[in-house]
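Below, subunit A partners subunit B and then partners subunit C, in two separate complexes.
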Partner chain A sequence: MAITGASTGVTPDRTRALRSTASGGGKKRRRLSQPPGLPWILPALILSVGLLYYCIGYTGVISTWNWDGVSPNPQSVGLNNYIQVFQDPVFWDAIEHTVIFFVVTFVIQTFLGLLFATLLHSKIRLAVVYKVIIFVPVVLAPAIMAPVFRQLFAPDGQFNWVLAHVGLGFLQQPWIGQTSTSLAVVMSITIWEFTGVTFILYFAAMGQIDQSVLEAARIDGASNWRTLTSIIWPGVRGTTVALGVLSAIGALKTFDVPWLVTSQGGPVYSTEFLGTYIYRITIPLDRVGYGAAISIILLVVAVIMAIIIQRRGREREGSVD
Partner chain B sequence: MFEVRTRWGKVLLQVVVTLLVIPYLFPLVVMVQGSLAGEGWGNYVAVFNVPGFGQFFLNSAIIAIGVIVIVYVVAMLASFGFAKLNIRSREVYFWMLLACLTLPEVVLLAPLFATDTSLGLYDTYWAVILPLAALQVPFAVLLTRNFIEGIPNELFEAARVDGANSVRGFWYLVIPLTRPIAAAIVIFTLIGAWNDYLMPLVFLQQQSLQTITLIPQFFIGQFADDQTKVLASAVLTAIPEVVAYLLLQRLFERGLSAGAIK
Partner chain C sequence: MLKSRMGRSVAVLAVVGMAALGLAGCSSSSSSTGSGSATSGTVNWWGWTPELATAKSYIAAFNKVYPKIKVNYKQVTIADWEAALRPALASSSGPDVFDIQPGAYVTEFKSFAQDLTPVIKKSLGSNWQSKVSPIGTSGLTSDGKLTALSVGSTYAGTLWLNKGLFDKYNLTPPKTLAQWASDCKTFKANGVGCFVQGASQEGFNQDTLQSIADSVEPGLWTKMSTGAAKWTDPGMVKTLTIWKELFTDNIMQPGAIGYAQYPDANNDFLTGKYAMVMMGTWYMQYATTSGMTAGISAAGVAGAKPFPIIPIAFPDVAGAGHAGYHMYGDSDYGLAVASKSKNEAASDTFVSWLTTSKAGQQVVGNVLDDIPALNGISPDFNTISMPDKSVQQAPVQALIKTVGTVSEAREALLSSGVQTAILAASTSVASGQATPAAAAATLQAAAVASGESFK
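For the complex of A and B:
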């Protein structure tokens, strides 16, 4: 996303330049050769911008109400909901979990994705089989896999069984049911589900690296480690930035896994995320106005995160070139 | 990427990869093994005999197809407009659309619920199809616009000189030439719509409309604590997804990496 996003920032100028040389450069001429496009983009604007911005606006309005979702005359409370959010310890817990979740899953996924992509670009037998195994979790719905993971991490589950059989029996514990490990369970499931995407993106990006540069480096005596750090890693930076944005937004959107696996937000809110908290507040607890206020805050955070990562990624790219 | 010359090095590399993929295989093994515990294949028979089991799949298919059709049509039209036609302040519209990429579904629940109930859409397929499509369109436009910008302008100009208007240009140039990216969009949208949990959970109350992602809960209700049958239902739900992936493996991978390769 980030790469394509960045490139769309550039391409209009490039295509404009091309277009003007192709059509002789005249402004009049260019307009003549380009029929109006607004009707073409209208359906997308109505559906996405219309529906989604309408919802955001509506959420903004609801966020100033004290409302249970059904009562016909909600009571307006101004910015009270927002003040309450910032004093809400569970909200800050959710923020903290989101940050930890983002950093841990992003770092581990980047590492694993890069490792698998590098290994499977080396001459490995049965590479297709490995690829399929890493990628299958991506296509399986998290909601479908939830009961499997509940079973896997249960006190008498297979994870503890494996620990016992590899001589790590002293590590056995109720992984889901205790606050100290439930967040780790959520993160490991997410990594299991998402490594395939990271891997495929890196795999594709590595295919774009100029082979002759790699060969030249090898002829000059560069070790595997050296080519990895000096050629491959910088060569896939665009992908890393894109994955950074994806993981950050993904962390803010997290809902299915903590809701379904660690019993709806975890013991004592230990796996509460913004998504699960908003859901809990809005649907089972009927505090729709309060949920809307958290939603608006979540949106602001998401947009700011995306802009920051995008900017920093581009800056770094600029400094290398 | 790694160059290994010695025989032992090659064996070592192979062993490392094999050890690394075991954790990825493990949950799948647990799932299948668990589903065969107790009554063995009897678990599967029991799941199949639950009335309405097939309906979940049908509902998921209807919703996925609806979302795919809407996203494809809308995104193609918009991408052509953005890439090749004259739009005043087009980048403003484009960024308005892109901003939707950051939108978490959960934010939409309250306003959609209120609007759906007043329009009578609550508890119909549309209550799930429309928001899912709206959320998928921006990414599809992002990919397709880039792709269409890569098609030389001369092609469109030549068509125009020959008297083709933009509708014909769209039909005879854009639709056939965008097939590779269209495949990517279909796959993307399919995964997104088929695997979605939150929208069906909130907006589909009748069991006869519910999707496959709600199956585990349904079976937990049906079979109380019989985990083996819940796992059998998970296996049956996962099989179509795995088969679809294996058949269209290239397409899936190209689809997901389409964002990274220009």
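For the complex of A and C:
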């Protein structure tokens, strides 16, 4: 024990305290002495608790004001802003778009990510090249890609040109400039952007699946499809749940693509999301209090979504076991 | 592993140190009361207008008179204006001089700007009001404070045409809605774009609607803006109906409501893809050789070849007998001096020179971007070069003469809430999601909600 103490620098008192904790009898003594890690996490704790939660609290306070962000005398209006939010049709449009966006992008990204991961786990040549190609969109900044996509989907853009040249000319239309297709454009850009993330995570998760189980399945004569649905899919459940939470929160936070590609949430609010709405209300329209109320609602929705998805993920795990 | 006592002390010191740094960063630096020298120093100027090349020419001319004042111009697009300026002006490292335009911006930014009445008095004397354009002053004054000195005014109510394309297909500038639609048919049949507008941006939809309203009933738009008439007035419903016809008659290009006026529509027109665009007197700068060359290369086309463009009155789309020019405008922008500026005296010198001196205003006039605010200054066409003066100079001079008597406001009377509602009304009618009557009703409700009071 003494040798251990010298090499780790732990004082004899501490060693005794730790040993007695293990036996359960030294709890009182342990509480009196400071928890060993606190001074080291204190700076990060101050930053996160101080900055983050203070800001959230301050936003909550602002949400009860009628304020333009600069005047020195904000007017307190209680919960009036929240009542107005729930009666605001654009807010409900934004919620509807967020839900559609989340469901569609999550399902398609999961499907594509799983597909690519499965394919690249098989023996194919130049696998690294394919991995890079699939992942590159993830590292490209949306603000850089936005003008490219605006050009691509413009009425005289490359997408319409391709449609015309493969015999689908009748499908040509102004994709960004009409309300029926603008949300689809936003969703397809997002899927292009983030399939790389789902792919990488599934690729890693599939690498963790016990090879012996897969071999046993092969010996028993399971088809590829059966292997995928009965062994691989349940085996990557944890990844799916995590991606679900990330997708949900990403859907709530989405801003760059609808703002930059489809003209700031248009046309006619057809790609309005909570992020774009909050930004527009707060900055050009100076309704800082109202924007803060929507922000708090967004926070509550995000927390609820995260809890629900986590719970469902855990429930399923429990039932499988 | 550190011995626990020393480790703890180090940690506590680290925390205290970080907190001190944080507090120091958060505390506002004491505002400097020194205003600096009036003939030397550095002035930082932020604006969405003029274009970079134009600003450089203003600064170069200024430096001939005041060589020791260095002016740095930073162009911030109007779409990013509020987001960039408000935090910058609230901090102590914002611009010394910044643009303000009449209307919503005056309300938003007046608390950051100094009252410039003493500056203009010093330059032009106590009867300064008679020496400058009155709409330049009234649009930029709020609660008795002259928030900015107008550089020049700008007016809308025109269309600009690519003369070459019209001549090529033997078409005359449209005077009615029917002629406009048939001109567009001819252009389309020949694979050329007809009319381009970025109908996703509020300001230009507002201009087009105001022009249509002036054709339906001159003066109605001003009445609705001031509450003397409601936005549900039958004239407004007719205006929105004609607006919708621009889309159904295939005058507006497909996907217009997803297009931006700047840069999309502007670039398309300057690169010759479309024959017509709805722009105002600020577009006169592109009638000059240097202005158009700069504009075309900014649109990303190498080897720019300038072509002649001419202004025409907005067509009489209502056919109610109100043909001809119906212009409306305000001060295009004024220069404000930030209250937190540490180079106040030098900033005052620059602002005063550009807006009230004959030399400064002549430079402004010659660029043909703004109509100078100082009375008695007109562009010197002998020094201005155009791609084809024989077809361009006369219409441009006629336009400048027409706007000299304009009193109808463009931006000054509308709050940001009403402007948002105008955008929603125009795009919902254009996309077919609302009938003109329903859109007018929604616009009226939004105007009431944003504080406009009606008789």
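We take it that the second predicted complex is superposed on the first by the 286 of 321 C-alpha atoms of A that agree within 3 Å, B and C clash if a C-alpha of one lies under 4 Å from a C-alpha of the other, contacts with A are read in each partner's own complex, and residues count from 1 in each chain.
Please note the rule applied: contacts are C-beta pairs under 8 Å (C-beta built on N, C-alpha and C of every residue); 3 or more make two chains touch, one makes a residue touch a chain.
Everything numeric in this text was worked out from a predicted model, so none of it was measured.
Engineer: By the touch definition at the top of the document, which applies to A:Gly177: first (subunit B), second (subunit C), both, or neither?
Structural biologist: second
Engineer: Under the stated touch criterion, which partner chain does A:Ile283 make contact with: subunit B (first), subunit C (second), both, or neither?
Structural biologist: Once the two structures are laid over each other on A, A:Ile283 reaches both partners.
Engineer: Examine A:Val77 and indicate which partner it touches, taking first as subunit B and second as subunit C; both and neither are also allowed.
Structural biologist: Touch partners of A:Val77: none, neither subunit B nor subunit C.
Engineer: Return first, second, both or neither, reflecting whether A:Gly69 touches subunit B, subunit C, both chains, or no partner chain.
Structural biologist: After superposing on A, A:Gly69 lies in contact with both subunit B and subunit C.
Engineer: In the overlay, work out which of subunit B or subunit C sits against more residues of subunit A.
Structural biologist: Comparing subunit B with subunit C, the partner touching more subunit A residues is B.
Engineer: With both complexes overlaid on chain A, does A:Val85 touch subunit B (first), subunit C (second), both or neither?
Structural biologist: It touches nothing on subunit B or subunit C.
Engineer: Between subunit B (first) and subunit C (second), which does A:Trp40 come into contact with in this model arrangement: first, second, both, or neither?
Structural biologist: Once the two structures are laid over each other on A, A:Trp40 reaches both partners.
Engineer: Quick one: classify A:Ala251 as touching subunit B (first), subunit C (second), both or neither.
Structural biologist: Neither partner.
Engineer: Which holds for A:Pro267: it touches subunit B only (first), subunit C only (second), both, or neither?
Structural biologist: second
Engineer: Taking the superposition as given, does A:Ala94 touch the first partner, subunit B, the second, subunit C, both, or neither?
Structural biologist: Neither subunit B nor subunit C is touched by A:Ala94.
Engineer: Share the list of subunit A residues that count as touching for subunit B in one structure and for subunit C in the other.
Structural biologist: 8, 11, 34, 36, 39-40, 43, 69, 283
Engineer: Where on subunit C does subunit A make contact in their complex?
Structural biologist: Within the complex, subunit C touches subunit A at residues 1-4, 7-8, 10-12, 14-15, 18-19, 79, 82-83, 86, 90, 108, 111-112, 200-201, 253-260, 264, 416-417, 420, 424, 427-428, 431, 433.
Engineer: Could you list, by residue number, the parts of subunit A that touch subunit C in their complex?
Structural biologist: Of all residues in subunit A, those touching subunit C are 8-11, 14, 34, 36, 39-40, 42-43, 46, 68-71, 150, 154-155, 173-179, 182, 262-264, 266-269, 283-286.
Engineer: Enumerate the contact residues on subunit A facing subunit B in the complex.
Structural biologist: 1, 3-5, 7-8, 11-12, 15, 18-19, 22-23, 31, 33-41, 43-45, 47-49, 51-56, 58-59, 62, 69, 112, 115-125, 130-149, 151-152, 158, 162, 192, 195, 197, 200-201, 203-206, 208, 214, 218, 224, 227-228, 232, 238-239, 242, 249, 252-253, 255-256, 260, 274-275, 278-279, 282-283, 288, 291-292, 295-296, 298-299, 302-303, 305-306
Engineer: Can you list the residues on subunit B that touch subunit A in the complex?
Structural biologist: Interface residues on subunit B, with respect to subunit A: 1-4, 10, 13-14, 16-18, 20-21, 23-28, 30-31, 34, 70, 73-75, 77-78, 80-82, 84-88, 90-91, 93-94, 96-115, 130-131, 133-135, 137-139, 141-143, 145-146, 149, 153-154, 157, 160, 165-166, 170, 191, 194-195, 197-198, 202, 212-216, 220, 227, 230-231, 234, 237-238, 241-242, 244-246, 249, 252-253, 256-257, 259-262.
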